[in-house]
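My questions will all concern the structure given below.
Letters A, B, C, D and E name the chains as they come in the text, with residue numbers starting at 1 for each one.
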Amino acid sequence: MISINNVNQLYGGTQILWDLNLEIEAGSCTCIMGRNGVGKTTLLKCLMGLLPISNGEILLDGEPLHSRNAEFRAPAGIGYVPQGRDIFPMLTVEENLRIGLPVRKSRTGDSTGEIPEKIFELFPVLKEMLHRRGGDLSGGQQQQLAIGRALVLEPRVLILDEPNEGIQPNIVKQIGDVILKLNEEEGLTVILVEQKLGFARRVGKEFRLMEKGRVVASDKMANLNDELIRQYLAV
Amino acid sequence: ADTIKVGVLHSLSGTMAISETTLKDTVLMMVEEQNKKGGLLGKQLEAVVVDPASNWPLFAEKARELLTKDKVDVIFGGWTSVSRKSVLPVIEELNGLMFYPVQYEGEESSKNVFYTGAAPNQQAIPAVDYLMNELGVERWVLAGTDYVYPRTTNKILEAYLKAKGVADSDIMINYTPFGHSDWQSIVSDVKKFGSKGKKTAVVSTINGDANVPFYKELGNQGISSEDIPVVAFSVGEEELSGIDTKPLVGHLAAWNYFQSVDSEANEAFITNWKAFIGNPKRVTNDPMEATYIGFNMWTQAVKKAGTTDVDAVEQAMIGQKSPNLTGGVAVMNKNHHLSKPVLIGEIQDDGQFEVVWETEGVVAGDAWSDFLPGSKDLISDWTSPIKCGNYNTVTRTCSGQNF
Amino acid sequence: MLPLFRTMLDGNLYFIKANRQVISVTKAESGKAFANVFTGEPLPEFTKKQIKKIRVNNRLRGYLRDAIARIQLSSSDPAAREKAVRNLLSDLDPSTIEAIQSARVNESNTAVQEMMDLALAMHKLTNAALAVDQLEAIEALSGSLESEVRNLLARVSESENYEPAVNKAAASALVKIQDKVEFYAFIDQLFFGLSLGSVLLLAAIGLAITFGVMGVINMAHGEMIMLGAYTTYVVQLMLPNHIEYSLWLAIPLAFIVSGLMGVLIERGVIRFLHGRPLETLLATFGISLILQQLVRTIFSPLNRQVASPEWMSGSIEINPVLSLTLNRLYILAFALLVFFLLQLILKKTSLGLNVRAVSQNRNMARAMGVRSDWVDAMTFGLGSGIAGIAGVALSQLTNVGPNLGQAYIIDSFMVVVFGGVGNLLGTLVAAFSLGIANKFLEPVTGAVLASILVLVFIILFIQKRPKGLFPQKGRAAE
Amino acid sequence: MSALENLTAEGKELLRRDQVWPFLMPKQQAVDVSHQVILYVEGLNLSFDGFKALNDLNLYINDGELRCLIGANGAGKTTLMDVITGKTQCDSGTVYFGQNHNLLERSEPEIAELGIGRKFQKPTVFEAHTVFDNLELSLKTNKGVMPTLLARLTPTQLDRIDQVLEIIGLKEQRFMLAGALSHGQKQWLEIGMLLVSEPRLLLIDEPVAGMTAQETERTAELLTSLAGEHTVIVVEHDMEFVRSIARTVTVLHQGSVLAEGTMDQVQNNKDVIEVYLGEEA
Amino acid sequence: MSQSLSSIARFSASDLFKGKGQPGGRVAPFVAILLAVTVLASAANLLLPESSPFYVSTYTITLLGKYLSYAMLALAVDVIWGYCGILSLGHGAFFALGGYAMGMYLMRQIGDRGVYGHPELPDFMVFLDWSELPWYWLGMDQFWFAMLMVLAVPGLLAYIFGWLAFRSRVTGVYLSIMTQALTYALLLAFFRNEMGFGGNNGLTDFKDILGFDLQSDTTRVALFAITALMLALTFITSHWIMQSRLGKVVVAIRDGEARARFLGYRTDNFKVWLFVYSAMIAAIAGALYVPQVGIINPGEFSPINSIEIVIWVAVGGRGTLIGAIVGALLVNYAKTRFTAIMPDGWLFALGALFVLVTLFLPKGLVGVYDQLKAHFAQPQSKSDESSTPHQESAKEASV
C-alpha cells in the first residue's frame, strides 16, 4: 500500500535518512522501532509531507505521494498522531475535533457536520472536556484527543508516533485495544512507532527496526528476538 | 561651471509632500521658462532636485549636499518653519542663498535667506481687522495646530486683540496635534462659545491635513459661515482641491494671492502652469506666487550683479521690484521680506476664493513683531551701516549672527 | 422677492454690464444656465465679459437670511415656518414681533406655535413694564433650551433694570435649564466618544485579523485603508452624477480592491515568511512605502476630493443643544455592522476555525487536510478587504491622500493590543473605551494632553493586564 | 610599609577571580529539615474556571526520599508541581520547603535558588544553545546579573559538566544545538540540566516517556542513586519503571490523594486498579 | 581532560579573534577597519587640499558621523531585540532624549549670541515670553552635568519602564506596542511649547561645543572620530557581554524565559539591566548625533523612526552585532543616494529593498555568506520547511 523507496533526507547540512526503503502492506499493523534519534519521527514527517525529502519516492497505492502537498494526505486517507501530540492549544477540544470534518465529509460522504459519536465512546474523557481549550488538558488527555482527532478523518492508514507517551496504564491498554480493533475489524492499516516492547508485541503484526536513518531489519512481530533487541534497541 | 544650478529643497515624500511637491514643480517650470528666454548671464539654468522627505535633519543634510556637492547657486525650498530652522545654520555656514516661499511666524531674518511668504503682519493682523470692522466680530476663537507658527501667530493676535479692548473671556484658544482628525468636541465647543449672542469668528492656523476633517465637521454640525465664519491662514486653493467645498462657502482665508484674481500676469501664469503640469484642473496658490516672485527677483538680481556670487546677489536683491500676480508690484525690503498686498477671500463652491476685501496698497513684511515684548525693539536691516538681521534699536546692538 | 434673495444668497446673482439687469447664473450640465431671476425663464448665453457677479459677503448673507426668514413665516411647510421663527429669535425687533404676532393667530401647527410663543415671551420679558408680566414670561421661557433664551435669561438675571424678584426668577430658570444642558452635554460627549471609537474600530478591525489572528505584523494595514478610500474617490470620479449611491458601490469595490491587494501581498511575500513573524514587519513596511509612493505617482501627492452624499450630511437635531451628526451616526452603525458580520464569518464558516488552527500549528493543520495556503490567502484578503471598507468610511471624515494610512496605523495597533491580541471582542471594547476616554478628557485637558494621557493610561493598564483587556488564558498562552 | 602590603594583599583578595565578592553572595538560609520532612503540602486547592484541579491535597515528602507519584491523566500531578515551583498560584493551602520556607510566597527563581529543580513533562531546553551551554547555564552558581556577567567556568565545574554529559550520553552532541536533538535526547538533556544544578529536591515529570527499555533502566538506576543525598519526586505512567524504583508510591486522583503505600499495596488497592491501572496490570 | 582545557580556551571571551563560527563574530578586524577608515577620512579632510582627488569633503565627514550614530542606535536595538527578543518599537525615544540633553547643553552654550541677545534664555523662550529658565534647564550649561543627563535621563526612563513592564511580565507584541506608546506620548509632549524644549522647532542654531566652533572642519572631524570611537567601544563592550555567560542567559531568556526562571535566573532583572544598557547606548548615539546634524526636534520621537531602526537591524541581520551596524550604514547610505538620484521614486527602491532582503536574505546581509554556502550544499530546500528550531522558538519568544 505504501512504499518508500530510497528516501534521503537532510536537516540543513546533516543527513538523517539514508536510502531508506520501507514497504507497508494494506491492512497490516507495522511497528517501527529504534533508539532515540535514529530518525523514526523524521520518517513519519516525510511520509506526511511535513518535511521535504531530497530524493527517493514515497508511493501510496502506486501513486507518488512525495510530490503532493501535505494537505493531500488527509483526503487520501492518512491520519497522523504526531509525537508530542501537537494539539491546537487555543482551540477547544471540540474545535480540535471539528478541524477534520470537511475531510471526513469528502471521504465518507458524512455530511452531518457532527463529530462521530464513536470518538467519544473510545475516549469518554473528551466528551467531558469538550469545551476546554486543548492546551489546558493534561498530557494524557491531549494524547487521547490527538488520536481522536485523527480518527475523525475516517482514515485508511493511521500513523501513530509513540502514542502511549504519558498515558495512564489502563488507557494504554485501551488504546492498544482500539488499535487492534480498528486494524483487525475495520481493516485499518496502522503504522506505529513504539519504544515499549510489551505494547509493540501486543499490537504490532510486523516490525521494522531502524538504525542511523536506515531500516535494518523487518519481519513478523513474532520473530523479534532478543538478539535483534540487543543489537538495535539496547543502549 | 557652464550652467547655473538651482537647488530645489522641497519634500516629495512624507507628510509635507502634499504641499511641497507643487512648489518643486513651480520652480521647475520657472527654470524651464527662464531657459526658454535664453537662460541667465548667457548660461542655462539647471535644477537640482533632492527629497528631504519631510524629515527635518535631512533638510540640513540635503542643504549641505546641495551646497557642497552640487555647488548650487541658489536654493528654493522649505515649507514648515522647522525645516527652515534646520537648514539655516548650514546656509549661513556655507554662505548659501535660499528663498523661503511660505507664510510663517516671523521672528527671524538671516543674511542668506529671502522670505517671500507673508509675515504675521501681512496676513493675520489684516484678517482680524477685517473681521472686526467689516463683520463686527466680538468673540474670537484662535484655533491652531500645536506648533510654532500658530503659537506665535496667536500670541501676536492675542496681544493685538487685547490692545483693541477685547476681553479675556471673549477669546478662546485651542491647540490640536498635527493631523488631528476628530474635531467633534472642539467644533461643538466652538458652537457653544459662539452661542452667547455676540458675533463670533474662528481664526484658524490649523495646518494642512487637519483642515479637511475640521471643515467637514463644521459643515455637519451645521455651523455656517454666517453664524461663525472661519478665517484661515493655511488653507489655499490647493488644500480646497481635496475638500468638497459646498458646505464651506463663505468661510474666509487671508493670503497675498488668490488664483481668482483678475490680472493679465495671473492669467498667463495659470495658463503656463496648467500646460506645464499637464492638468487643466490644477490650481495655483499663494506659496506658488511667492516662489514666482522670489525666482523672478533672483534672476533680476543676478543680472544686476552680473554674477551668482551670493554676497553680490544678496545686496542686489534689496530694493528689487517685480510684478506680482495680483496686478501690483512686489518690493524686496531691507529686512529680506517683501511688500505685498493682503487679500481676504471667501470660499466658493468651485474651490476658488472670491476676494471680498483687500488692503489699500501693499504692506511691508515685518520680521520682528511689534506685538511681542521680546521683539518690539528689534529691526532687521541688511544694508550698511546696520547690516544685521536683529538690530536692537534701544541698545543699538546686534546679536546672534553666525558670520 | 424670495427668488432674488435666494439667488443672491447662493451667490448666483449677476448683472448684465450693458443694461444693469440682474439675472441668475447657475451651473448646469453643460456650462452655465442663465435665467431671469424672478420668473426663472431661461435666457440666452452671455460671455464672461458681459456679466459681472454681484458680491455677497458674510454680513450681507446674514441680512438676507433674516429677510428670507421673515418671508418664510408664511411658508406652507411647517418645518420652514418653525425654522424661520427660530432664525428670528436672535433679532427680535418690533417689526419682527408684529409679523410673528399676526402669523401666530392663524398658526395651526403646535410646534410652530410653541416656537412663536417663545419668541413672544422673549419679547414680553424685555418689553413688559410690570414685574408680573415679566415673571410670566420667564415662566414661559423656563423649559426652553434655545441659546437665545439662555442668553436673555442670563442678561435679565444680572440686569439692574429688573426687580430683584425677576432677577432671581431668571437666575433660577437659568439654573434649571443649565442642568438640562449639562445632561445633554454628557450625552453629546458620549456620542463623540462612541463615534471616535467606531472610527478606531473600523481602522483596527482588519488588523485584528491580519495581525491578531494570523500573527502578521502588518505595517501595510494603513495602506489597505488608503486603497479603500481611493477606491471611493475613483468611483465618484467615474460616476460624478451619482454621488448619492457612490458609497454603496464603493463598499464592495473597496473590499475587492484591498482584498485582492491583500491576497497579492500574501501570495507574493507573506507566505514565504511563515514562522518568521518579525520579518513580516520588515517586508510589510517595505510594501507600505511602495504603496504610498504608488498612489503619489498615480493620483499625485495632493489630497483627493471625496464628496459626501446628501443623506450623510448634516445632523439630526434632537433639541437645540443636542444634535447628532449624520455621518458619524451612520459610521457608528456601519462599524458595528461590519464587526458583527465579521464575527459571523469567523464563527459560522470553517475559515475562522481553520485560520486559528493554521496560526497555532501550521504543520498539524496541514496534516489534518487544511489547505493552509488557501486559508492564509483568504484570511489576509479578508482582513485587508475590511480595511478597505474602513477606508470608504474614513473618506467621509478625513483626507484622502497618500498619508491616510500612516495616520491610523499606530492607533490600530494600539487598539488591537489593548483589547488583547486574537480577541475580536477585545478590539471592539478597546476601541470604544479609548474613544470615550479620549472624548471625556479632551474638554478638560485639550486634545494634545488628552492623547498623551490616554497613551500613559494604556501603558499603565498593560502593567496590570499584560495581555490586554481580554487576555488569552490557559496553559498554552504562556 | 606593611600597611601598604596589607592593602595590596587585600586588593588581591578583592580581585580573586574564583570568588564572588561577599556582598554579592546570595543570602541563603539553609533548609530546616529537623523533622526529616522536606516538603509539606497541606490543604491545597486550585480550580480553573470551576474545574477543581487540586482538591484539598495533602502530601509530605521525607528528606532524601524517592517518591513516586502516579495517577490518572489529569489527576493534577503536573499542576501540583506547578504550584510547588511557583508557576501557578493556588487558591488555598500551604506549601513549605523544610520547616522554614513558605514556597507560596516566593517567585520561581527564588524557589529554584532554594534548591528545587524541575524537569518538565514536555522537554524544555534552550534550543538555540548548544548542549554544553544548556548545562553551563544550569550550574549551581550565583545567578545575579553581575556575577553572571563576570562568571568564568572553573575546572571543577567543567569536570562536572563532562561527567554529566557522560551520564546522559550526549558527549558527542556536546556542541550540537539543543534544538536539533531528538525527543528522547532532549529528555536526557533536561535530566542533565537538573543534575548539574545539584538541587535538594528534584521534581521529575515523566522522565522515561519515549525512551527505550534499556534507557528506562538506566534512568531508574540514575534516580535511585540520586536518592539519599537528594530528595526525588517522580511522576511516571510506566509501571515497570515505577516498580523498579519505588519505595513509597502516592496515587493522586481528581486532585487529592487516593492511596499511598508501597508498590504492592498500591497495586492491589481496588480503587487504584479501577481508576488507574486497569484489570490485569 | 584535554577536552575540558580546550573548552576553557573556547570560552575565554577576552580573545576577540575567536568566535569566527558565528557570522559577525569577528570583532577585531571590524574595529580595525572602522578605525582605519576614520583615521584616513579625517586625515584626508584635514590635510589634503580641496583639489586633491582624495580629499574627503566636510559634507561626507558629517554624513559619516551621522551614519555612525545611527549604527550605534542600531547596535542598541540589536542588543535587546536580536539577543533578548525584546522588540522595542520605541528606541528612538532614548536616542532623542540623549539628543535633547546634548541639545540643551549646546543651547546654553549660545549664551547671549541668540537673536534676541538674551544672556540666559534660549531664543524660543524669549519670544514665548518666558522670564526665567525652567528648573530642568539648570546645570545644563555644564558639560559634565549635561553628559551625566545624557545617560541618566534615558537610563532612568528605561529603568522605570522596564521595571514596570518586565516585572509585570509584559512580553511580545504587548511590550513592543507599549514602547511605541511611550515614544508616541513623548512625541506629543515634546511638541507642546509648554514643555520648554522648543516645541516642534526643537533646539537648533548651535554655535559651539566645549568652546570649539561647531562649524569648523576640525570640530566636525573630531566629532566624527569620537563617534567612531564610541561605536567601537560600545561594539566591543556589547560583544564582550554577549560572549559572557550573561549573554547566554540573555539568549536563553529569549528562547525560554520560563525555563530560565526555573533555573533560578531572575529574568526580569536581566531584562531591565539589558534594557537600560541598550537605552544608554541609544542615548549616547543621540548625543553624538545632535551636534553633527545641528538640530534636535520632536520628530525624532516619531514611532516610524523607531520602526525604521528595527528595519536597519533586520536588513543587516539581527542577532549579530555587526549585522546591526552594517544594516544601519547600508540603509542610510541607500537613503542618501536614492533621495538624490531619484527623488520621486526612491521610496519604491527602498521599499523593494526591504521586501527583497526579507525574502531572499532571511538572516540579513550578514547571513548572505552562510546562506550561499547552505544553498550550494542543499539546492532544493524550500523556505518554509527549512525553518530551524531556532526561528520557531524565537517566534514564541518575541511575538
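Simple rule for what comes next: contacts are C-beta pairs under 8 Å (C-beta built on N, C-alpha and C of every residue); 3 or more make two chains touch, one makes a residue touch a chain.
Molecules present, by chain and UniProt name: A = Urea ABC transporter ATP-binding subunit UrtE; C = Urea ABC transporter permease subunit UrtB; D = Urea ABC transporter ATP-binding protein UrtD; E = Urea ABC transporter permease subunit UrtC.
No experiment lies behind these values; they were computed from the predicted model shown.
Trainee: Using the touch definition from the top, list the chains contacting both chain B and chain E.
Mentor: C
Trainee: Which chains are in contact with both chain B and chain C?
Mentor: Both chain B and chain C are touched by E, going by the contact rule given at the top.
Trainee: Going by C-alpha centres, which chain would you call the most central?
Mentor: Located nearest the centre of all protein C-alpha atoms is chain E.
Trainee: If we define chain centres by averaging CA atoms, which chain lands farthest from chain E? Would you check?
Mentor: A
Trainee: Averaging only over C-alpha atoms, locate the centres of chain C and chain D and give their separation in whole Å.
Mentor: Taking the mean C-alpha position of each chain, the two centres sit 62 Å apart.
Trainee: Counting in whole Å, what is the centre-to-centre distance of chain B and chain D, each centre being its mean C-alpha position?
Mentor: 73
Trainee: Taking each chain's centre as the mean position of its Cα atoms, how many Å separate chain A from chain B?
Mentor: That gives a centre separation of 75 Å.
Trainee: Of all the residues in chain E, which ones touch at least 2 other chains?
Mentor: Within chain E, the residues that touch at least two other chains are 188, 191-192, 258, 344, 347, 388, 392, 394.
Trainee: Scan chain B for residues touching two or more other chains and write them down.
Mentor: Only 12-13, 146, 177 qualify.
Trainee: Could you check chain A for residues that touch two or more other chains and list them?
Mentor: If we look for residues of chain A contacting two or more partner chains, we find 50, 136.
Trainee: For chain D, which residues are in contact with chain E within the complex?
Mentor: Listed in rising order, the residues are 85, 87, 107-109, 112-113, 117-118, 120, 124-129, 132-133, 136-138, 143-145, 148-153, 155, 158-159, 162, 177, 179-180, 193, 197.
Trainee: Going by the contact rule at the top, pick out the chain B residues touching chain E in the complex.
Mentor: Residues of chain B touching chain E: 12-13, 49-53, 55-58, 60-62, 64-65, 68-69, 80-82, 85-86, 88-90, 93, 107-108, 146-148, 151-152, 155, 177-178, 372-375, 378, 389-390, 392, 395, 397, 399-400, 402.
Trainee: Once bound in the complex, which stretches of chain A touch chain D?
Mentor: 11, 14, 35-37, 41, 83-84, 125, 132, 136-141, 143-144, 162, 165-174, 195-197, 233-235
Trainee: What does chain E use to touch chain C in their complex?
Mentor: Interface residues on chain E, with respect to chain C: 87, 161, 164-165, 168-171, 173-174, 177-178, 180-182, 184-185, 188-189, 191-192, 258, 303-304, 307, 310-311, 314-315, 318, 344-345, 347-348, 350-355, 357-359, 362, 383-384, 387, 391-392, 394-395, 398-399.
Trainee: Of all residues in chain C, which touch chain B in the complex?
Mentor: 11, 53, 55, 57-59, 61-62, 65, 90, 147-148, 150-151, 188-189, 192, 195-196, 199, 292-293, 296, 300-308, 313-315, 323, 325-328, 396-403, 406-407, 438-439, 442-443, 446-448, 451
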